[in-house]
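Letters are used for the chains, namely A, B, C, D, E and F, taken in the order the chains are written, and counting of residues starts over at 1 for each.
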């Protein structure tokens, strides 16, 4: 599994959530998690979460830490388990980094009542994909929100945070594949 | 999905990790998570984790809070994702209940250097199964360990803790199944 | 699993056979079977059954009782088994309601030589889908056909018939999921 | 897919419901449905349906028409769909042969309140398997039952009935596999 | 499984690698391998192999023996195993026909340093698909290449070669399905 | 994926074809191919190929080069594709090493009429497994056979041959997994 932090500003507009985005753009081939920083502006027409479309809730944030994961398998339920585990990993990392307490509710992270994250998981024709974005600042976010900076994480720590999360997710996915290979069946 | 706390002492000896244990013994039919309290004594011949067998590490604890989950599907990797998420849920519940900080490392929970839990996931001929046990006391545990009581959880809270964890796991599994049903595919 | 009869006239033109149609339009989330009444006009460009396209047989009926089922899984063979069972359920209900004898041949229902139904099953990017339509009248149907009314079912029974079929299909799908959870494996 | 009626009396005692029974005993290799006639005596220790074990309901019939189907796939839910469709086929054939009306309730067939059939579906290590048995006579059956002979089917028609049902089931399974190969996907 | 050699010149431009191409155009329904002869001109916009797109390597050949295989299942890894086996079969047939020695490297065939073939495998919404093309002449091929004729295979043998390869592939796929049905499981 | 040649004589008696054999005995965890040298004596009771059991053909060879592959997935058809590709790889390696011509027929290798190999693929409760054995000498083999030594391969080359085949198989399996991750879907 491949992990990368991209050191350039990329606006997440939903088009990054398409199959082989990491391979097309960077040549990274295989299951991957890629992180980068940039604004988040997803129009209703690009939105994948039809619940948000139904509620007419476009996704917007001035500055986010993004994660795009791609796994070359077609089981959406398993992908959502992967997504929830990624959120649990992010929670642990931020709690430890900022010495605060967050709440995970499904695929959302909250600090008190304030939303820190957006996330979605879906299928492409050849793979399954996850997007997770963490507000860096809550400025202009259209819901009650909080950003990493407001939680006490310095701007210049953000890239490292992205790398660290990618690294832990990759390690856990590998570890889970390996854990299949040490148990006998039961009756 | 079915959830139950069994209000009687049951010794976990590994035979509970077999297909349809909840149905055979209690008539509970379907995907389930069941919790109970009791000692843990698994002989090498009953052990499912062959890594522990290779290391000659039998599992022993005087008093544990046990969870047995069964899902009627045959994808072991997905089951291990379920297991990791269950551990993440348990971590959140105990941290909030005892106002402490735990560390999750794969399917293990630690308080500092001390091990709080054991866990394994495997396949039966018709289902996949998870066992997780939390020490209630570390007394006589053959490794550096900690128990719920030593973390400040009262003996009489243990049953409620078991019920609450079953309830959160069940809710999350349901929520994940539902989350499959709101996204369009991407390119 | 969700079941609904929609109390408005909807023309089935093939666009209803697309992923999350029930969720996009009505907010019903999850595996579902939805029934409604309306004309059926599917142009060749919208047709999913390429056998009909090859034979240049557009589908047309003045008034039909429609069923749209969606299951969030990607096994087309299993979906066709579901479809055949739905047809078998419809056969039983109509035979009992009208006290007549129908013939099921694959996914088609006949009264003597006259065709009562059309049906197709296919995959979407995130789910599998079934459409089944029962002629209410055979008027203007371009093949030898029969309608529910001509079989003795009153116009004002049609909605109830739709509801009843949705209910039996939902019950059987649930019952089948449960039946997985009571058998031990064999050698 | 292979279909055979075995022209000898075989007592169904549950051991026939094991993988490759048709291949081991008759050399028939591949997905198959095999029919034969004989008593039915399944001890509790051999029973696969743990619901019956829980209810302490051994299965017994003096003379039955049996069907054993084996499909080399490991999806139990799909197998139960196959089983239900087999029961629907049997219902149609008997209704047409005896000019009567039966009731299918899940995997059971009834004539009024009287039970005509037993059936179970499960997994083996390499395949999925179905057993269905139809009472030829209700004599000594430990529940309110009816037999084919009492429905007006002559003793000497039973073998032909078995062959005909095998043939229709085989044809439908083949037809379903083929129906996967004529539809385009939808959005 | 269906096999056909089409006795007309067809230019392979990538549009043949789409679901149900054999059914739409020829009415052949089911898993299939179809062979024909014609030029190969695939523009970058039609290319499926994004590695070639990244390298800006369009595929071109004046005259090729083509194979299009379609299997109605959605496991891309299994399809690539099928593809590799098809290449191994082609290697054996050409080696025996021309009494030469080829090298298989993944999905490519070489005669010394010269490339004989192109091949790709991918998913459609309802099936998996393979294209393999063998140069008949290396004239104008944009890489170091060799053609069947240059290997000593006569022009008028090419159609027979295509038929023979289709036949061996079909036989091996059938044989593999059957080989599933003769083994007991192990511990 | 793990590859190893074991430098000790092991008699293959069928018990090596069981889940996690490489992990239990050598601690090698994960998908693997392991090679070793030793006699082959499989009693009918240990045989997995019921076709051989039906023919009463026990497997015997004085000295063989063995391969045991294990893949932690439960798709037997895919495993047989893997097996066939392994045989194709072995064919290429031996042809190139000994400068001879072999014939692959399914999972068998022949030199003229003489059989060089035995092979079987099956499922365990948690994985799929392949055994392939190549005669080193044909002495005492109960069918018309040939051994590697008689094909001109020196005794002291055998270990290297085993290593080389393991290495090529591992590389191809990895390459196939990677090839999934470079193609866009088609219509």
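Just so we're on the same page, a residue touches a chain if its C-beta (ideal position, glycine included) is under 8 Å from a C-beta of that chain, and two chains touch if they have at least 3 such contacts.
Values in this document were obtained by computation on a predicted structure and should not be read as measured data.
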| item | value |
| --- | --- |
| Which of A-C and E-F has more C-beta contact pairs | E-F |
| Between chain B and chain A, distance of the C-alpha-averaged centres to the nearest whole Å | 27 |
| Cα-centroid distance, chain D relative to chain F, in whole angstrom | 39 |
| Where chain C and chain F are represented by their mean Cα positions, the distance between them in whole Å | 50 |
| Chain F, residues touching no fewer than two other chains | 19-20, 23, 29, 50-51, 72, 74, 76, 122-126, 177, 180, 182-185 |
| Overall pattern in which the protein chains touch one another (line/ring/star/complete/other) | other |
| Chain F - residues contacting chain E, complex | 17-19, 48-51, 75-78, 80-82, 84-85, 88, 92, 104, 106-107, 120-125, 129, 172, 175-177, 179-180, 182-187 |
| For the chain A and chain F complex, residues of the former touching the latter | 19-20, 23, 29-31, 72, 124-127, 177-178, 180-185 |
| List of chain F residues in touch with chain B within their complex | 20, 23-24, 27, 29, 72, 74, 125-126 |
| Contact footprint of chain C on chain A as seen in their complex | 50-51, 53-54, 74, 76, 122-123, 125 |
